[in-house]
Structures are given as C-alpha cells and as structure tokens.
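Pasting in a structure now, in structure tokens, and then I'll have a few things to ask.
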Amino acid sequence: MGEKEKTKIMFVMRKPPHGSIYAYEGLEAILIMGAYEQEISVVFIDDGVFALKREQDTKPLGVKEFSKTFAALEDYDITNIYTDKESLETRGLTVDDLIIKPKVLEASEIAKMMEEQQVLLPF
Amino acid sequence: MGEKEKTKIMFVMRKPPHGSIYAYEGLEAILIMGAYEQEISVVFIDDGVFALKREQDTKPLGVKEFSKTFAALEDYDITNIYTDKESLETRGLTVDDLIIKPKVLEASEIAKMMEEQQVLLPF
Amino acid sequence: MKFGILIQDGPYNHEAADSAYNFIQAALERGHTIQGIFFYNDGVINATKLMEPPQDDRNISKRWSDLGAKGIDIIVCVAAAKRRGINEDVLIPNARISGLGQLTEIAIESDRLITFGS
Amino acid sequence: MKFGILIQDGPYNHEAADSAYNFIQAALERGHTIQGIFFYNDGVINATKLMEPPQDDRNISKRWSDLGAKGIDIIVCVAAAKRRGINEDVLIPNARISGLGQLTEIAIESDRLITFGS
Amino acid sequence: MLHTINKSPFVHKNLESCLRFAKKGDPIMLYEDGVYTVAAGSKIEPMVAEALKKHPIYAIEADVKARGITKVIDGVYLCDYYCFVALVEQHKVYPWF
Amino acid sequence: MLHTINKSPFVHKNLESCLRFAKKGDPIMLYEDGVYTVAAGSKIEPMVAEALKKHPIYAIEADVKARGITKVIDGVYLCDYYCFVALVEQHKVYPWF
C-alpha cells in the first residue's frame, strides 16, 4: 500500500563486444539500474549473444574483458536474463558456449516480453 | 622531365548522404584534393550512389543540400566520375535518376581501376 | 505524457541528434513534457560548447542549450563524458554532468523513453 | 616504406583507434616510416587532452600524443574539429590542427595510405 | 510496440531482425537512412510488400524528401514528426540500430 | 589489392560487397568485429568456404581471441599486426566499412 510499483526495464543487447563500446557501456548502465530496485531484465539477441561467449581473452588486444561481469549479474539481483534461439543458431552457438545460462526463448516469446516492458533500452 | 608524376587518388563513395556525414565530408576532401593537380577519380558504389540522386530537398530536414556540389565537380577539373551498374539496379535507379552522368561500369571494371590507384579513400 | 530521451550518438557525424531534436520539438508542440534528455555513449559530444559549425549550418550544441534554458533537464553521463573529453570546462550552459542514476530516474518517471542513436 | 594513416572514427566508441594504433606500432617495428596520422570525421575526437578514461583502461589520446613526441606528424582536420568542439585549447601536445591539404600531402608522399574507421 | 529503423536496408540487416521479432500489427517507423527501404522499384521492395501485409509502415517525409525519393511503395504512410510522436503516445518504442 | 572488413557479417552486408568487387586472388583481412566471419559452425560459413576458393583470408588473432572464437574455419590464416603490415607492403588497401 502506497508503495510505488516497480518499473519494468529491459535491456536489449544487440551489439557484439569490443568492436564498439555499446555492449560495455550497456553493461555499466545495467549495473547502475540494478541498484534501483526496479524490475530489470536483460535479453541478448542478434550479435548481442556474442557478449556472453565463453573464453574471451582481450589481453592481446589491450582492452578490458568484461564478459565475467555479465556472469556476475546474479550478484546484483539481476536474474531475468534471456536469449534468442535463432540468434544463437545463426552464429553456430549453443547455450553451452556461453558464460551464463540465460533462458533460451523463441523470437515470438521475446517480442511478447518486450511488449510487457515500460522501458526498452537498446545497446 | 623532372616533373613529379601525378598521384592517382580515388575516392570510393559508399555511404548514403544525410544519415551520416561521410558523404559530405568526403565531398569536402574531394574539393580540396582537386586543387592539388593530382589525378583524382571518384566512384560511387553501393549506397554511395544515393549521394547523386536527383531532387534531394533537405529544407524540411534543416540540413545542407550538397548534391549540387557533386554536380559541380567538373568545374574543379574532376571529370573521372564512375558508378557501378549493379549498385544502381539494386536500388531501382538508372543513370537518369542522377544529377550527373557518371560512367556506368561493371564491378570488375571498377575493381580493375581501384587496383591501378596509388591511394584509395573510403567515404 | 512525460517523455524521456536517450541520445547515444554524437552530433553531425550521424543524424541521431537531428532526429532527436525534431522529435522533441514535435512532442513539445503536442503538449508533452520532456522529463529529461540524457546523453550517453558518443552522445556526450553533443554537449561541448566549443563546437563551431559553419555559419550556414545548424549549431547542434546550442539547440540543446536552448532547450535547457527552457527548463528541460539536460544531463550528460559523467563516465561516458570522461572517456571522450567532455567536462565542466567545456560543457554547454543549461546542462549538467551526472551519473547513470539520472537515466534510471528518467526511465522510472517517464511514460515513454525514446532512444536515438546509430 | 612510407605509410600514411587516416582515422575516421572516435576513440572508445569504436575499435578503429585501437586497430590503427596496433597497426602503426607493428609498422614502426618493421622499420617503416609513418608519414603522418590524419584525423578526420569523428576521428578528431581522438585529439582531445581532456580525455580521462578509467585508471585501468588505455588512454587513447595519450597514445597519439606519445607518437607525436617521437616525431610523427599528428594532424587534426580543422573543419571536422570545429564541428565536434576540438580546438587548440583542448588539443593534445605534439599534434597540430590543419586543413585537408595536409591529408593530400600525406596521400602524395606516402607509399600507402591506410584508413581506419567504421 | 512501435519499431523504428534508421539504417539503409542495402547495407544493414536490421530490417530482417525487426521483422523476425515484430508482432503482427506492430507499426514500423522508418527514418534517417531507414527511409531508403520505402523507395519504389528497388530489390528490397518485395520484402517491404510482404512486411506491409503484417505491419503498418510509416516513413518520415523530411527524410524521404532529403534523399530525393520521389516514388514511395504503395501502402507506406509518409508522415511528419507529429505523427511519430502520436505513434509513441500509443506504443512503446524499440529502435533497431 | 588487400580488402579489409571490420564489421559483423550477421548485421552488415559489407562482406557481400567486398566479394562482389574483389578480384580472384585478392587477399581479405578480417579484423575488429569482422573476425566473427571466420568462426566455424555459423550460417555464414558456406559463404566463407566459397570465398576461400578465390581469396586468401586472414583474421587478426588478437580480435579473434578477444571474442572467444576458439574454432576458426579451415583454411583461414590467423595473423598478427606484423602480418597485416606485411600484406600492406605488398598491396594497396581498401577498407569495406
């Protein structure tokens, strides 16, 4: 009673890591918003699934490796993490290739979830 | 005798106008380089052909209209202007849709010309 | 309605800043409120007062500053700004540098959040 | 050989500035000369000294300034710089702001011109 | 949900992604270089004609005019930013950058 | 001529353009997000296998490792920036941004 309803915020991660900063700055935004006790979810579609690829080694490139921080999202109480079946298949990946085990959904199920959000953030 | 050979410089225009600044800043580079008495050529391929589309009216958008400056390249002694047959066809365009009449070439002919350049500049 | 605006790309290089501006103008004219304009990623470059476009071209940072003068909250992400060399010394008037918490608050308080980028 | 380098995109937001730097390092180590590094389009943002990346990250503008200190000509296009708020006040040491004529000269004097962008 | 697309369909595959996720009836707004999608006569036209069976498609007229697109695919609505705002009043927005 | 590609083939059509213009025997260098092209097992693999019949294909190993690509399509050369420079010594370069 009197408590404000939580806002449903979904991060839609479509960009691959390292080639551009969107995946990384998107992650920074997820971590901050995670502290605001809203209803956060994160979905990885298209090239966004590459952000979760296992065995990323950025040392030779000299840039930050941040896939492990995606793996730590649970520690920030962000547990609604999804990915798209066809995006994985197109890229020759299965959920076993990923550092975490997001729930694998059909595009139509993801579309339905997107529809239910109040805020969609593209990264 | 003793005169330095001209450098063959080709601008390869692949980006459409207005959505990003590359076509426009590419044009600025063409105009400057045109004053250096080198052997300049300009080829429009892929979405680059849109830079030459007739009847561009940027007033409602509030940005500069610069297709007419491409039409004036001849005044700067830049007369080696080419485009790619398939790029036009894919976009439903013919050379009559363009503000100038570049020489229409096959991709293989353009590839051959690119090979002959000393400098290729992508815009 | 209350609209929040997120801008992810820089001025001139891409059309995003123009589209966002045109959208905001139309929203204001339709009687909506702009809850805040948040610059993130390369979007922070919109907020430099050192911009000097050619005389016959639009001045994109001045547009944002003018919206700020009308009372719209213009916020530049501090972390993104530091990476790209935007700080208080070069910030346009009527804008402020702050954290991603401000984007969160805009997201929570707005009826719609609309993102412009590339 | 003499290599000219053209950089069309900004730092951090895209990998272009990193790739260019890695290429230049390898070219120098293989005994080549860098005739000049020309920043155009959003590439000009590489040249701001106000950049403050996180401590554990690379400082991209400092990399360019260090190459300039070694005698490599680092040139920032004046027209592109004005649009994006880069001027002498914020320019990294060991770089200079000049016109597209400098890119022309690099193009003429280099054996190869290599462009990094996005 | 309103889907927006601002990239050329000849170089980017964002339209394909959008169509894969968009629900029947969802409107699609094309702006910036996205408006090249609606130029009549291109190799993209059949995909757009197919999409029109499931989605109302809008294109920002200022972007269309700026690019010299004089013939637009039948069934596409040309609209201004007021119309864009009106659609946002009715729908959440997801931009397919 | 050396062709370079730095974009993901799943979202951009630059590889298609490159292959349309590249002459038989021209080397192709993949770097940045372009290296996703050479990951084995994807839907892109047949196009790459076809391209390998006409072109030597290289990929920058630092970019490959950064992206966690552990299995590369047979016939693709992994190389470092010295190798990139060596190719530029032999060829003019055109980047398919």
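Observations on the model:
Every chain is named by a letter (A, B, C, D, E and F) in the order it is written, and numbering of its residues begins at 1.
FYI, contacts are C-beta pairs under 8 Å (C-beta built on N, C-alpha and C of every residue); 3 or more make two chains touch, one makes a residue touch a chain.
Fair warning: this is a prediction, and the values are worked out from it, not measured in the lab.
Under the touch definition stated at the top, chain C and chain E share these contacting partners: A, B. Shared contact partners of chain B and chain F are D, E.
Of all chains, the one whose Cα centroid sits at the greatest distance from that of chain A is B.
Over half of the residue numbers at the chain E-chain F interface are used by both copies of the sequence. Just to note, of B-E and A-D, the chains joined by more C-beta pairs in contact are B-E. The geometric centre of chain B is 33 Å away from that of chain C, both derived from CA atoms. Rounded to whole angstrom units, the spacing between the C-alpha centres of chain A and chain F is 27. In chain D, the residues that touch at least two other chains are 8, 12-15, 22, 41, 79, 83, 113, 115, 117-118. In chain F, the residues that reach two or more other chains under the touch definition are 6-7, 10-11, 17, 32-33, 62, 92-93, 95, 97.
Residues of chain B in contact with at least two other chains: 18-21, 46, 61, 63, 118-120, 122. The complete set of chain-chain contacts reads A-C, A-D, A-E, A-F, B-C, B-D, B-E, B-F, C-D, C-E, D-F, E-F. By the touch rule above, chain B contacts chain D in their complex via residues 7, 9, 21-22, 25, 28-29, 32-33, 36, 38, 118-122.
Of all the residues in chain C, the ones that touch chain D in their complex are 10-13, 41-42, 45, 48-54, 61, 79, 82-87, 89-90. Against chain B, the residues of chain C that register as touching in their complex are 12-15, 18, 22, 56-58, 118. Partner chain F is touched in their complex by these residues of chain A: 16-20, 46-47, 50, 53-61, 63, 65, 67, 89-93. The touching residues of chain F, counted against chain A in their complex, run 6-8, 10-11, 32-33, 36, 39-43, 45, 61-63, 65-70.
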